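We just call them A, B, C, D, E and F in the order they show up, numbering each chain from 1.
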Amino acid sequence: MNQESLWSIFINAVLINNFVLAYFLGICPFLGVSGKMETATKMGGAVTFVLVISSLCAYGLHSLLAAIGAPYLELISYIVVIAATVQLVEMFIKKVSPVLFNALGIFLPLITTNCVILALALFQTNKGYNFVQCLVYALASGAGFTLALVLMAGIREHLDLAEPPNIVKGTVLTLMIAGILALSFMGFAGLGSN
Amino acid sequence: MQGKSQIQNVFKKTLNISTSPHLVRGIGTNDIMRNVVWALLPTALYAVYAFGLSALLLLVTSTVACVLTEHFLAKKSKQPSTISDWSAVITGLLLGLTLPPNFPLWMAFLGGIVSIALGKFVFGGLGYNVFNPALVGRAFLQAAFPVAITTWFPVFSPDRFSSVSVATSTLPLMEPATDGFTGATPLSAFKFDHISTDTYDLAMGFITGSTGETCAVLIILGGIYLAVRKMLNWHIPVSILATVYVLTALLHFSNPEKYPTPEFMLFSGGLMLGAVFMATDMVGSPITTAGVWIYGALIGALVVVIRLWGGLPEGVMYAILLGNAVSPHLDNLIRPRVYGTGNRGEKVRG
Amino acid sequence: MSIQTTNKANEGFWDKLASSPSTDEYMKGLFRENPVFVQVLGMCSTLAVSNTALNGLAMGLATTFVLLMSNILIASLRNVIPKQVRIASYLLIIATFVTMTDYAIQAISVELSKALGAFIALIVVNCQILGRAEAFASKNTVWRSILDALGMGTGFIIALLCLGTVRELLGNGSIFGIPVFPDSFQEWVIMILPPGGFFMLAIWLMVFNAMKQRKAV
Amino acid sequence: MSVLISLTALGGLTLLLAIMLIWANKKLYVFEDPRIDTVEEMLPHANCGGCGFPGCRPFAEALVNGKVLPGKCTVSTDDGKAKIASYLGVDVGAEEKWVARLACAGGTNVALNRARYNGVKTCQGAALVSGGGKGCFWGCLGHGDCEAVCDFDAITLNAFSLPVVDVTKCTACGDCVEVCPKDLFSLHPISHRLWVNCKNLEHGDEVLEDCQVGCTACGKCAMDAPGNLISMINNLPVVNYSLNHNTQVPIQRCPTGAIVWLDDKQGAVKGTESKKIVRKGERLEGFS
Amino acid sequence: MGFFNFHTNTFKHGVHPPEHKDETNKLPIRQFTFSPLVILPMAQHLGAPSVPVVREGQEVMRGQLLAKAGGYMSVPLHAPVSGTVRKIANVPTISGKMAQGIYLQAFPFSGQEVLEGKPIDWQTATREEILQGIQDAGIVGLGGAAFPTHVKLKIPDGKHCDLLIINGIECEPYLTTDHRVMLEQSDDIFTGIRYLLKATGAPKCVIGIEANKQDAADHLASKIPPGMPVSVQVVPVKYPQGAEKMLITALMGREVPSGGLPIEVGGVVVNVATTAEIGRLLPHGRGIQERVVTISGPGVQKKGNYLIPIGTPLRYVLEQVGADENISEVYMGGPMMGVAVSNLDISITKGTSGIVVFKENDIKRPDKVYPCIKCGACVDACPISLNPSKLGLLAKFEVYEEMAAKYNLMDCFECGSCSYVCPSHIPLVQYFRSSKSIVRKRNAAAKAAG
Amino acid sequence: MSEAQKNTTEATNSRKMLVTMVGIGTICALLIVLSFQTTLPRIEKLKAEALEKAIFKVIPGMVSKKTFQLEGDKLKEVTGKVKDAKLVYAGFDKDGKLVGLAIEASGMGFADAIKVIYGYDPHKEKIVGFYVLESKETPGLGDKIEKDASFLANFDSLDVALSEDKNSVKNPVTTVKHGKKKNGYEVDGITGATISSRAVGNLLKNSTGETLPQLYKNKDFFEAKSQQ
């Protein structure tokens, strides 16, 4: 059982070990949808939403599999259940609220195969968090992801009005900025260690 | 008629046409940059006086590295060279001033290259860089060579003008030999051993630390010179320093045992240099006055958080880099109310 | 569509080899459609485990194995799986092989599985694998899918090695754990840290861009 | 034992999920015509707006809904249009190729600049500064806004800073028409061969002071033209294209070559009596 | 003005360009000689061009009606000299455009006496009569914009005018026209104010004058007729205080809503020279024939303030005042907002307040444009608190819609403060001007398309 | 396509979907279980070996070990794998005498949690061994806590004697600056890796402060075990 305080879980996931900038998780959407501020915030919201759902699913599944003594099915059941749940949610939103779907739903299929989601499920199992800790961890990871995405989107939007050399335009530039952001986030290392 | 023929000549001429306004104020971008260099010179000279030959070599190396890189990259991308705008000199000087005086020269050279190439060139050159180039270089070096960058050189060492620190002349494949002295900066002394340093020593620069961060008084003088000439936005240093002061004061009075005095926080470490010369980098800071206040307050708060609760003794560099990352957002979100648009203004962002 | 051989003297065997369709199926993954440098896929594992060459190699091999096996299975089942449940089925198949790989690596060495950490499990969500399944294996024969998987896998390994060797060399002074520089070498610690990963990948992409540009001119 | 457990567990799980998905597929599915995607895929993705729709996808929707015919797309090749047409089972709706045409021949070799313009090197910018400094107020300023705005590389400035339209590349998207501050571009069917290459509203020698190839409004072309093919309006000849006379007669006596015959191969053909161009090279000086 | 008064008697931001007013502000207004040929464009004002009522070859008297107003938003044009109408054809104008105009050849040695018309007495005339009289006199804003004055004075239903502001700011460098008018024509000004007070129904009137014209302010204050609700207010020197909106903020402490007219905050602003002209012309029922023009700048020998007949060609003006051999730039209006002339054949119009001539090397033309370093100088200069730095970048990358929709591009009135202060010498005003024209073009196209 | 036809195809579709999904699921389950079964023994063995190696490293002179579970103040001997429990490993010499206890501890380091195992000699009331199980400290700097010889020498004999009432450690472990070590309970830090070495000191302080008094209460239990 893990004793970490909720506050330290939160700070850790948002700043110190940011999923994107320190763990390299969710790089694909990070590179893909950080071009515009508007999409970035929506994507961040959608990811946080899915993170919470999948965290809950994973928590339930983990208890279930432990009960029947088949921990080796963890990975496969996580991914399948999360994928199916997300798809259901997507269809549900599309049916119920087309407005919400346009704002959030179109990102959902992208998110299913986002490493952040599965990684969160695996990490929380690894760290042995309890239910509330899982929830905070999911929210904090989502917040960390959104923070990185939004910072990046702001910078990239700003750079729409710049003339970077041809050779670095696009992914290269985004990666370099991500590197500098990761450097800046290193300042948070050890936060709360003393 | 002589007058007539002269007029005829006049009217044969092709006139120049251009759009209004036809007057311009004299100050150019290169003038601003050059003046920043002047303002930095006293600090640099004091550094050479306090730390000797090693500091001189370090400053020269980092500046030369930056200028050469700028020139080379401009040539490489078939653009006219941009070294004449002095911005590369500022970057080089600032980088040198943030490094320990006995920092190996080859590393400083590498830092200069990284500053210009990664901090500036990839964004499209002067005016487009999001982050302060010197700090990008410095952060790179901090992450790459954590030991060398936290090995300090004593201030006023007696043989500073006759010999060069062993570490300075280290080559890439050599382990930097330590001089035996690895004195602590006031900040690390406080963080790890709770030893506070006298404020007077801090302000006058009788302490060890990075090359250019020791003498707070000279830095402030340089800042005032620029602010008077309107080449520096005085709101930024004021809001950073005020935030640091207020936050530390609150903490200090709540628990004087654990937290340092606000004066100590203001004058120690790179805060003064950062607040006056780095956070004020026009390109990386917000453009509106309101945005600038928030930017300064954010940097100040981050400095306090990282210094007091973080793992590292010093956090000015990270705070400014993060402030730079946020400033495009501040520009987007905070806009002055346009004349005649009512108090609520237009909705800024959908 | 074939790889260009500019050298006239080489024409003959290589040219023929290069222009044969099955070779092309394999070769395209190496450079022309390299999953990392050209398609920019599978970034997470690329960045996370390329801090040493050995880790990169192991990760590359594991990914290639999963890619190969899932491609085979999906290609052979491509006429059976209904369209509506295809993604779920692919995920099932991929997750199975990933789990198997995970256990295999744990059985080989504790050290290695510790170094690769959760990233073996995260092969499941490597967009590259699902992408190949969806874009290629579900539409092509088993044989072509095998070639494709091997090609893409090799391309991935090449990319990981490119990153891993440079990062290890500068960050650790060694290659595959064998010290290259004298002990006194001052390591560039940043290279094995996250920012170094971003920078190194950016630099490699830049090299590829430059090569492409030069070719285009 | 564990084999059995896991088989049941995973089998049950997949069963459950499959049922859920199937149910969702039936109950929650929202219909969207898949043909829209397919058609959009077939379109050139130029999003130029030449078809009159805001982009390729709205155009694809309109195509699928039968509101327009594929021929409206100005960018797609004939093959591409035919493919879409056959996919949707409709007529191609072939339209004649339209191209953008410039109504000015006053390059720097023949037209004078009265003033030297300093500032942003765009026609838009220059036009707002006393008309741009060109002697002829109506003439092309030659800063190449049209060249920059053309997404299809169909417009290039020639040696005398005059835009030349490559009719094979031009898709008649209309961007150049919009961008030209002097409104010199217009879209025409490629079969309109007779072309007035000037917009100067002055007449007589005052035109020639500024430009050697301007229309002096002498009216010879209108006289020579059969029927009412050409009429003089506001000091300029206006061709009545609806009459569709395929004749080169009107251009022959034009003294300045302001009216031309656009030939597929030779480009703009001038009449036999048009004067040779005297001045060569860029001329800035010379206020008359 | 109390020390703690937050209404600071001026507006936010703004710049302080060098004034150069000493060169001409001591020189009294002199009558200019008549040019043998005057060229009169029909469009000398904003709005519809005038419509000629004479034919080619007709002989006209000075002050005779040459063209009638082309609508409500238009004014008539009167003959500035006696002479013969040579032809009615295209004439070059300041915008570079050729437009319809009248070539009038002056009679040599003509007496040049002016025809009298139907006088309008300020005591007996009704509001409408005064407005009509102003229109018939062909009076437009003489400050530079040439907006028909009667349109401006027409108070819309439901609004009323709290304050009549007479604009004697003249913030443009070099120009001293209004300064001299205030010193020399105070009687005409106060007569004009009487007409204006009646026409607008305003209870009082303030004459706003910048502190660098203290003598004019003192002179006017001493001449205020007893019992007239007029006061003179001196405001700090700052450009562009003479802009209508800025002046209203400075004197009334109110802001004119974006896209709105001054009357929406209860103010009407009339230029001081226009006021003088009204006071001089209306009692005699005459039309406007000449105006005061400051001719200055390093390129002229006989600098001064001249009373020049409308339609005098620029070439003639420069011949008379002795232009330097090396002239390279001629501006109509002041150097901040004036227009560079491409062609000396254009003529003085009603809106021409000054002619500034520069020689080569006199004007500092920045050779190098640096990238924007976001120093914020333009933001601190912009009198309407726009963000010229961002707008400039957006214009460079041609994102015009965003400029208009999110950054209030259309509120820019091109005062030039941003370009003046920009250390990187970015041609901001030109960017905005062409962006605005493109936005207008696109909006019109969108409207046409439905 | 008529309505009826559509319905029937949908029905067959649904059945087909069900069958394929479940079929694939079953095959996958089979594959996973088989590979799990095959690799399990070896994985267990490798893991146990790794742990054993660590325990042997931190308790000098031991030859055999027993595992105990600490629940509240009670100790209980366990065999095999126990999840989610605080484990204490006891090491015995060849005579079956208790030579030391190995305790796992973790705490926040510079980058992420540091997980260590240390050996405790209840007779001398000293820490006698130390080994880092997991850390993500900065390579070349923070990771000196795993390698630096002079730092590791701290833990050959670190005083953690209990206070008089046996409820806490008399002198809690603290880290001091390199070369400033004076007392037996002080850890001599690493230059340049101040933060990581302090983190180690901190986590030892917390762990010893909590666990050692608990173990003291079970003193007799161990005595009993060692006499067996």
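One rule holds in what follows: a residue touches a chain if its C-beta (ideal position, glycine included) is under 8 Å from a C-beta of that chain, and two chains touch if they have at least 3 such contacts.
Please read all numbers here as calculations on a predicted model, not as lab measurements.
Following the contact convention of this document, A, B, C is the list of chains adjacent to both chain D and chain F. Within the contact network of the assembly, the step distance from chain D to chain E comes to 1.
For the interfaces B-F and A-C, the C-beta contact count is higher for A-C.
Farthest chain from chain E (centres taken as the mean of C-alpha atoms): F.
The distance from the centre of chain E to the centre of chain F, with each centre set as the mean of the Cα atoms, comes to 85 Å. Per-chain Cα centroids separate chain A from chain B by 34 Å. Chain C and chain D have Cα centroids separated by 46 Å. Note: centroid distance chain C to chain F, computed from Cα atoms, is 35 Å. Each of the following residues of chain E touches two or more other chains: 339-343, 365, 427, 430, 433. Multi-chain contact residues, meaning those touching two or more other chains, occur in chain C at positions 84-85, 88, 92, 95-96, 99, 103, 189, 193, 195-196, 199. For chain B, the set of residues that touch two or more other chains comprises 11, 13, 15-19, 118, 124-125, 127-128, 140, 143, 146, 311-312, 331, 349. Listed by label, the pairs of touching chains are A-B, A-C, A-D, A-E, A-F, B-C, B-D, B-E, B-F, C-D, C-F, D-E, D-F. By the touch criterion stated above, chain F contacts chain A in their complex at residues 28-29, 32-33, 36, 84, 108-112, 195, 198-199, 202. Those residues of chain B lying in contact with chain E across their complex are 3-4, 6-7, 9-11, 13, 15-32, 85, 124-128, 230, 233, 282-283, 285, 287-288, 331, 335-342, 346, 348-349. The residues of chain A lying in touch with chain B in their complex are 37-38, 150-151, 154-155, 157-159, 162-165, 168, 172-173, 176-177, 179-181, 183-194.
If you check the complex, the residues on chain F that touch chain C are 13, 16-17, 20-21, 24-25, 27-28, 31-32, 35-36, 38-40, 42-43, 46-47, 50, 134, 138-141. Against chain D, in their complex, chain A makes its touches with residues 65, 68-70, 72-73, 76-77, 80-81, 84, 87-88, 91-92, 94-95.
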